[in-house]
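Heads up, the next two complexes both have chain A, just with different partners, chain B and then chain C.
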Partner chain A sequence: MRDPLPDHGEELIHLMHDSEARSDVPADSVTQQFAAVSAGTVKAKRKGLPLGAWIAIGWMAILILAAILAPVLPIPDPINDANPLKAAQGPTLDHIFGLDGNGRDVFSRIIWGARNSLFIAFAAVITGFLIGGALGLISGYFKGRIGGVLGAITDILLAFPQLVLALAVVSFLGRTVFNVTMALAIVSIPILARITRASALSWSERDFVTAARAQGAGHIRTMLREILPNVLPAMLSIALLGIAVAIVAEASLSLVGAGVKPDVTTWGNVIFSGQAYIRDAPSMVLFPSMVIFFTVYALNYLGDVLRATFDVRESAL
Partner chain B sequence: MSAASIKESSATTPASEAPLLVVNDLKTYFKTDRGLVRAVDGVSFTLERGRTLGVVGESGSGKTVLSRSIMGLLPKRDVERSGSVKFEGVELVGADTSLMVEYWGDQMAMVFQDPMTSLNPVMRVGKQITEGLRQHLDISKDHANQTALALLSSVGIPEPERRLRQYPHEMSGGMRQRVMIAIAIACGPKLLFADEPTTALDVTVQAQILDLLQTQQRDRYMAMILVTHDLGVVAGRTDEIAVMYAGKVVEKAPTKVLFSNLRHPYTEALLSSIPKISDPSHTRLKTIGGRPPNLINPPSGCKFSPRCAYATDKCRTEEPPLSAPDSDGHQFSCWFPVELSAKQTAGVR
Partner chain C sequence: MPRTFTLKFLRLVLVVLVVTFITFGLTKLQPGDPVSKIIPFGTAQQKAELRTDLGLDKPFIAQYGKWLGNFVQGDFGKYYDSKQSVNTVIKTSLPVSLELMLYAQFFALLIAIPLGVTTAYRAGSKYDRGANATMFALLALPNFVVALLLAIYVGAKWQLLPTQSNVIPFPLNPLDNWTYMLMPVVALTLGQIAVYMRLLRSDMIATLQEDFITTAKAKGIPTRRILWRHALRPSSLTLLTVAGLNVGALIGGAIVVENVFGVPGLGKRITEAILAKQYPALQSYVAIIAILYVTVNFAIDILYSVLDPRIRNARSVA
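The block that comes next holds the complex of A and B.
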């Protein structure tokens, strides 16, 4: 153990020089090729969306297009074109989804309902996305006191029975589209805050965040440029699920009589107006329910696809 | 560098008033549930521009925490930082984050250990280089892009135009570390920390990266702190070496002096645990027995005594102070230093 050490030092220096001579450029070009190969496989994996995803995207596209084009489509007015003589009629060639209790065309009402229901759901989740996302990002990045307080607020909101909360908001403030949207936004805020916080917590521990700080990036820049882009896929996949939940919640509010007033056509109101006739003319409830089912399923499915795509990318790092 | 030789060198360079970096009795303690972790426990040194200091030690010796503590990159919560870090005469311990943001990247920068995790996976490499440039230098986008291009070629990346538009996952580890170096030197910092810059890389790439760091350090006249667990890495590349153990500097000397005349048994043990290419095959690798010390309840006396082959009762009860620098600028903390110990034992006792 106590042999003369100076020799080792010189030997080491020689050793280092040797390795310098041996390992010039080729090493890097080999690793480059490996990187290129692995990058190629990742791209191939990401290119192909499953067939189901295309069907889901197609369904959502048709639905959104129909909702936007409702005023110019050759369909009867969902409120005023009532024909009480033919009330509660089943599907016919003229009215493929049948007529409701007031003799209004159910197909037309579903399309007009999509206009309002999708608007409410999207607007609610976008609001929740912005507010909840900001709360989650801040509380995930600043782990100290700020994070604790914001996290506690999120947990309190999550612990609240959500439908009751929405019900209370609408009952006190009135059954308008805006109030229902806000009620659903309040419900979606903690969900998005929670997922954003969890994701931001783990990403803010990464070396590249410290590296960005070490380059002089301020807190806001670090949050928006370094963490947010990495957190976004998780947020988007939850937001898609959130839209699905909001659609169902809107319908549920209408069913308990706390949704938007019946003179505004929403999917919830379409079902609500049919529920009295469910034994005689189930089509009045069946068709709007099926539309909700497919929409919610499509959104859930797309959320999963998004998450799967995002997982592939993360494992490729 | 020792205090004595600093005086000489600063006398010969009249332009600089204060040394670039003066660290004095820097302590960094972490408050944990199990107790106070003394990760850095009273480290002092001085570093001039254009010089390289190697910080060597095992895992858990506090070398990484030391570099992050000097740079002020540790979280504020549950961290006690005391002592003094003066950068060009400005005190950085206790400085406001808004002041530190001005220094980070612009005056001092860091190359991190693992290039696989220290680049943002969802940002193009070019963008990651220009971010700091545009923040600190206030230059146009085009100008920043041109600079990034020049930086990438200066760190030896072929086809820099194409690389600028790539994402980190499209590059190899060696490439990424070159990018990290380009990012770190982008704004022309005066002090560069390299925190185990080659630990995560293939052996074949390590020497290239170390050479690159060395040329950049010389060309840009930066001071560099090279943190590593490998004495071989710092051997030909540093002006001075500080060996750390349990959060303290146990031996510090100019590189040549250290290798020709090492005094601390820990340095000796570190050096003899490096496998030698001249050894016959199947030679048993020498290791340092025992484990790095518990930093919450460190052993009494000399922290290395439980693992030291030469430890005596005195070592286990009294902690040796870091000696004053001798004529070579050599300092060490040991009651019975290697080689000379036989001669001096009688005198000390």
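The block that comes next holds the complex of A and C.
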């Protein structure tokens, strides 16, 4: 039998098993999916980033730049520049991605969509990162009653299937950008809490933490200065994957009619408005779908690279 | 065993209670008066009657208690306008969704298990790297994209299969049932294959390094038997847990896919209820899904400790 490759998915699985053994709850589906995403595509390399990582970074950089610069770019307005006479026109030189059902430029709508979709995804995951990270760090550090209570809260949040929870929050509270962002943040809090907790649990057992405590470091200092820096790489790589998940979730919500209202241009809404035209003008759906695919792929890949670079394996020691 | 079972069951009940309480609370948080939403042009008297009718004049806890009482007795409420019973809708739509998810789960495992086992055995080979790269790409392919691609090409362009589903119950006409189910199932299955295959692969790679595998090899047991019997057995437990946890992702995927293809399942009914602002119905749907999900994982958790002697013993020692 051949020698198996070093495999980074394993650490995450071990991390999950650790948390399973300790907290007596199974890991959640999303953690499992993350483990699947990160099951070793990128080999650990000491020097330099692989070419693929540069391509992924390049794609994300272009996308983010375009999203930020959308108001000053020489592109038609995504909502008001409508030309109903040319509705559902395929790609031409003037409109490289074609026009949508109202005769609006699909390319422009994708860039403006990036502005809103990326904002929603980043804001949601950053919120989840801060709240979930804090919860996870505290419950991983204080193993006793506090950890138990926080763990139970996480479990309850995880008892909702992700999309159903987001769906419920948005439909009950209203289809605004803020509510969609909050719904996705609520979904990402327990995921980040779970990962952070698992990692913080194993790090807080280490000798240097005991040493810091013996030298008189307080709980907060120990958590922030000793444990957090070690837990951060795992959190960041999960956050990158989380952004990808949030992008897909935003689009999924729009697609089932429970996302941001159609007058806000998001990737999900661009696809949703094209759905009725798949017979005559599939380009309306194909181009935004492709952009989502590339973005999710790039984020998954970067999350994987991050894990390999920081060698998250150590945290399982 | 019986003690852990009781504890776990109590936990399950607690989670279900909290989940339904939160969903109920969410409906109350919605801005605006629900009565004005249902009959915006009703007179003050009509509105007051409806308010009493819906129990909205009572305190929150009382409303929740009443809802819970009905729910436990199997009364899932009514639609506002048509007065259609939610139970009837669930009776027709839930089996469709379950069928869709069962097919997806079955085919995903059917394809993922052989792929996971063979790639783990030949880790690092061209075959392994090729399969891995494909699966990595599949992970980035949201199921609505697969669904839309199928609808565009297989449905609209080549006209091979109907794009709008009109699911015929399997017992009535198996062939028609499959014709309508095929595209939704494929759309739901592809991403799941990647999840299972990649987890099984990394799990198996770890298993293949264990001593008992070396022993088995030394005894001269054929490779095929080692892979499929000795190595797959411990990994299959991991797979079982993941399959259960994955039901959450599957439910989310089913909602999206049902909407793209117009499959008359629970997912489609949920989004219809959202658009029509049928909150009491929606609340029951969300509660039912959460219960379904928690119960499946509860069952798997129990099954897991029954199947794996290591866990069984560890628990009894502790």
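The rule we apply is simple: the second predicted complex is superposed on the first by the 264 of 317 C-alpha atoms of A that agree within 3 Å, B and C clash if a C-alpha of one lies under 4 Å from a C-alpha of the other, contacts with A are read in each partner's own complex, and residues count from 1 in each chain.
One rule holds for everything that comes next: a residue touches a chain if its C-beta (ideal position, glycine included) is under 8 Å from a C-beta of that chain, and two chains touch if they have at least 3 such contacts.
Nothing here was measured: the structure is a model prediction, and the numbers come from that model.
Participant: Of the two partner chains, chain B (first) and chain C (second), which one does A:240 touch, if any: first, second, both, or neither?
Facilitator: Neither chain B nor chain C is touched by A:240.
Participant: Now for A:255: first (chain B), second (chain C), both, or neither, which partner does it touch?
Facilitator: After superposition on chain A, A:255 lies in contact with chain C alone.
Participant: Based on the superposed arrangement, let me know which partner A:229 touches: chain B (first), chain C (second), both, or neither?
Facilitator: A:229 contacts chain B only, not chain C.
Participant: Based on the superposed arrangement, let me know which partner A:210 touches: chain B (first), chain C (second), both, or neither?
Facilitator: Touch status of A:210: first partner only.
Participant: Check the residue A:201 against both partner chains and state whether it touches chain B (first), chain C (second), both, or neither.
Facilitator: neither
Participant: For A:144, is the partner it touches chain B (first), chain C (second), both, or none of the two (neither)?
Facilitator: The first partner, chain B, only.
Participant: May I ask you to decide whether A:302 touches chain B, chain C, both, or neither, giving the answer as first, second, both or neither?
Facilitator: Touch partners of A:302: none, neither chain B nor chain C.
Participant: Quick check on the output: what are the common chain A residues between the chain B footprint and the chain C footprint?
Facilitator: Overlap of chain B and chain C footprints on chain A: residues 1-3, 5, 9-10, 13, 27-28, 32, 35-36, 39.
Participant: Which of the residues in chain A come into contact with chain C in the complex?
Facilitator: 1-5, 7, 9-10, 13, 26-30, 32-33, 35-37, 39-41, 155-156, 159-164, 167-169, 171-174, 244, 248, 251-252, 255-258, 271, 275, 278-279, 282, 285-286, 289, 292-293, 296-297, 300-301
Participant: Which part of chain A faces chain B closely enough to touch in the complex?
Facilitator: So the residues of chain A in touch with chain B come to 1-3, 5-6, 8-13, 15-17, 19-20, 22-24, 27-28, 31-32, 34-36, 38-39, 42, 143-144, 206-208, 210-218, 221, 225-226, 229-230, 313, 316-317.
Participant: For the complex, which residues does chain B have touching chain A?
Facilitator: 71, 73, 75-77, 101-106, 109-110, 112-114, 116-123, 131-132, 135-136, 168-175, 180, 183-184, 186-187, 202-208, 211, 231-233, 235-236, 258-262, 268-269, 271-272, 274, 276-278, 286, 309, 338-339
Participant: Given the complex with chain A, which residues does chain C contribute to the contact?
Facilitator: Result: residues 15-16, 18-19, 22-23, 26-27, 29-31, 120-125, 132-133, 136-137, 139-142, 144-145, 148-149, 151-152, 155-157, 163, 194-196, 198-199, 201-203, 205-206, 208-209, 213, 217, 223, 238, 241-242, 244-249, 251-253, 255-256, 259-260, 267, 270-271, 274-275, 279, 282, 286, 289-290, 293-294, 297, 300-301 of chain C touch chain A.
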